[in-house]
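A, B, C, D, E and F label the chains in the order they appear, each numbered from 1.
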Amino acid sequence: MKIAVYPGSFDPVTNGHLDVIKRSAKVFDKVIVGVLDNMAKKPLFTPDERVDMIKKVASDIENVEVYAFSGLLVDFMKQFDSAVIIKGLRTISDFEYEFQMALLNKSLNPDVETFFMMTDSKYSYISSSMVKEVARLGGGIDEFVPCDIIKEIDKKIKNGGHR
Amino acid sequence: MKIAVYPGSFDPVTNGHLDVIKRSAKVFDKVIVGVLDNMAKKPLFTPDERVDMIKKVASDIENVEVYAFSGLLVDFMKQFDSAVIIKGLRTISDFEYEFQMALLNKSLNPDVETFFMMTDSKYSYISSSMVKEVARLGGGIDEFVPCDIIKEIDKKIKNGGHR
Amino acid sequence: MKIAVYPGSFDPVTNGHLDVIKRSAKVFDKVIVGVLDNMAKKPLFTPDERVDMIKKVASDIENVEVYAFSGLLVDFMKQFDSAVIIKGLRTISDFEYEFQMALLNKSLNPDVETFFMMTDSKYSYISSSMVKEVARLGGGIDEFVPCDIIKEIDKKIKNGGHR
Amino acid sequence: MKIAVYPGSFDPVTNGHLDVIKRSAKVFDKVIVGVLDNMAKKPLFTPDERVDMIKKVASDIENVEVYAFSGLLVDFMKQFDSAVIIKGLRTISDFEYEFQMALLNKSLNPDVETFFMMTDSKYSYISSSMVKEVARLGGGIDEFVPCDIIKEIDKKIKNGGHR
Amino acid sequence: MKIAVYPGSFDPVTNGHLDVIKRSAKVFDKVIVGVLDNMAKKPLFTPDERVDMIKKVASDIENVEVYAFSGLLVDFMKQFDSAVIIKGLRTISDFEYEFQMALLNKSLNPDVETFFMMTDSKYSYISSSMVKEVARLGGGIDEFVPCDIIKEIDKKIKNGGHR
Amino acid sequence: MKIAVYPGSFDPVTNGHLDVIKRSAKVFDKVIVGVLDNMAKKPLFTPDERVDMIKKVASDIENVEVYAFSGLLVDFMKQFDSAVIIKGLRTISDFEYEFQMALLNKSLNPDVETFFMMTDSKYSYISSSMVKEVARLGGGIDEFVPCDIIKEIDKKIKNGGHR
């Protein structure tokens, strides 16, 4: 069974992320979404909130599981006996950073392979930080995130996050 | 009447910015310089100070107006009945970020069009943050900013900004 | 009256080109589409055929005119008293090349200004050469070019072009 | 069974290509190497010679098959019931071109997914055209291609290719 | 005597940095490593600690000297009568930033010349910040930094740095 | 004595090339300009003509010598006991290609080091091919090439080159 891990901050999950989850779930037997519990980045949502949002929007995809993790990605992957990392690419800047991360992960565990998928062009300008910025400025975010979690984001923005 | 909006932080305005203002003012009937009042970026100058500096250095260009704004750029533009955003590009990194912003603004208001102008190559290495860095380290900034505002910048740097 | 020139090979015109024509025609009083008569590039269509195809697909936009030209772009622009070049950007590679061309044109005529527009993300992978390649390999091109000219392209491809 | 197709010119196959074949063969149940029979590119080797060279150097990988193809990639893939394209990326330029190809293939067949793998950094400067250039100039190519095919390349270079 | 200055934060020095030091020391008569004392970046190590680490790992290269500096790089260089800056490049992003810095330094002192060296491809994914991140997450860093300073880094990470 | 080799096609030499020659001649004891005799690129000028033009425009720089060469660059360098390659960079595309060439040369001779210099921003849009294109279209080239060789280029263009 081929198990792929799709890691990220998902603060919050966007339509672009959901697109990558759906498409990779068609190719791999199981896709583990790994929510990085990185407090240094001062996320808006707690890891548990982020896991719950992804579970909600991906509930109709059978072979997807969602967990939070801290520590090295390569250590997280060992729990699931997975050797495949999935990453979405939108831009050249993503490409450069993700390339370095892939080389780093390969040096930490040579068995691990990273596969890059293009973000669908209609999602290429969407990032979690832009979603938060637009919401803070009072703009509508219904084109950027799954509609199931719009209320949750708006509420959190009004309360200023869990920081 | 074609009205273009040129948004930015302008903290402080540089020779590169002034070049874009001059060149776009030749093409459009009116150019509105929009000074983004974004406190999250911890600017050195207050929005009012930045507006005043731009007014001073652009005082000889008749069809330019300068205002501070907060909130979404597309909302600011509606006040002036403008559907054209002007942005200067210096580098590939600018290009990527501004492309995403342009797509975002188009999704927030499909009538809005972003036009990119190249920064003149002799200004391609100048940014507001480098001006501040050089001034802080005691270097001369007279090649980077209009001479009318050098004293103002030096004074502010010595006092540590309005933060 | 603000007149912009949109130059290119248009061999053949694509949906991406048509999108730039439509959007720039909303901003400028008149848009001149300049079809470059560059035989060194061994085009599939003659300059006249390319002019006719653009006229056909842009027939519903009032303020657009289409002409072929050879020689320097800055000389072509003088005929129309135009000082604005419009270029569409799809990728970083476009950006680099077009930046150099813009600097070149500015050095040949300092009054000329180049404005870059982003190609809509849904057209970002379409280029004239890919359209020809796909048609040659027997693929459908109806998503890439205006439907009015599909027959013309298919016929020309079968006959091997005017080369 | 997950079947991936790895398309290319392979004129000739390099150590970088072989690395991608090996790594993708660990992840997918079967990897079909598709040798593009594109005469417009004036290849040095015939499609059959290229297929044979790949078969020779990949003979120890069980789940790899090699075929030549012409026409659209998405049509070639249907024969094998494959919906996954594998591409190796070395540089930003690769990235841009391959991104456009991936979007094109997705528009020609929405079920097809492209996965990008990084070329191992030690192969990042190797391309088929550089191998041929170095060999033509009399340099050694044993670091760039599998040793099994060095003689074949040297012989072909001396004879000036099949063109 | 040709004296080159290799400036940076070196927080901490990596195998990639050491590679650039070694290679430039073969070309220039003397190489001055300049450790930037920039507290705004919140370094993990004090400038003195960073100087000591570089001295330790470069102790076998005769024509290398290491000093901390604050203020403008061009002023630091004057002390050594040096007009050559050495910078290592790993990625496009490095390239853009370093290009702007080189132009800035040239405008501050027209006699100063910046030479860029490629980081060896096997070090292309290593940066000081990644070394610190991996060490914080409990990963091994022995492939990334000279072995002489691993203990020092691990100890500092455990103690949370000098901040 | 530190001897650097500056290789290229120089078809013809531009103000950008001359700028790199001048600046590298200040840093190295001797600069050898190597004119690549590559007939596959169908140059406008013969290698001898190109050598003569460079000699003419660099006649006032004492420590510069100019030779044509064919074969591998690393072999050409051995004649002069040189281990340093100088390359000018204008754009990201240059960067990528030159990076690959530098890695290739390092693999062909590990002692060889490539140093990259930025082309002065005022020459960043000038390339030999653009000079030829502008001259062919009847534009003035006096801003792009040293004035000593303008007549020579214009004459050659009228005669259609030595092809």
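Everything below uses one rule, namely that contacts are C-beta pairs under 8 Å (C-beta built on N, C-alpha and C of every residue); 3 or more make two chains touch, one makes a residue touch a chain.
No experiment lies behind these values; they were computed from the predicted model shown.
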Partner chains shared by subunit C and subunit F (touch criterion as defined above) | B, D
Report same or different for the subunit B and subunit C interface, where same means the shared residue numbers exceed half of all residue numbers found there.
-> same
Could you work out which chain's C-alpha centre is the most distant one from the centre of subunit E?
-> C
Subunit A onto subunit D, same sequence, C-alpha superposition: rotation to the nearest 5 degrees is 180
Thinking of C-F, which of B-F, B-E or A-D forms a repeat of its interface, with over half the contact pairs identical?
-> B-E
Please indicate which chain is farthest from subunit D, where distance is taken between mean Cα coordinates of the chains.
-> B
Dist(centroid_CA(subunit C), centroid_CA(subunit E)) in Å evaluates to 48
Dist(centroid_CA(subunit D), centroid_CA(subunit E)) in Å evaluates to 39
Quick one: subunit A and subunit B, Cα centre-to-centre, how many Å?
-> 34
Where does subunit D touch two or more other chains at once, residue-wise?
-> 92-93, 96, 99, 102-103, 121, 124-125
Which pairs of chains touch each other?
-> A-B, A-C, A-D, A-E, B-C, B-E, B-F, C-D, C-F, D-E, D-F, E-F
Can you check the complex and tell me which residues of subunit D touch subunit F?
-> 91-93, 124-125, 127, 130, 134, 137-140, 143-144
Where on subunit C is subunit A touching in the complex?
-> 92, 121-122, 124-125
Seen from subunit F, its contact residues with subunit D in the complex are 70-72, 74-75, 92-93, 96, 99-101, 103-104, 107-108
What residues on subunit E touch subunit F, complex-wise?
-> 2, 23, 26-28, 83-84, 89, 92, 95-96, 99, 102-103, 113-118, 121
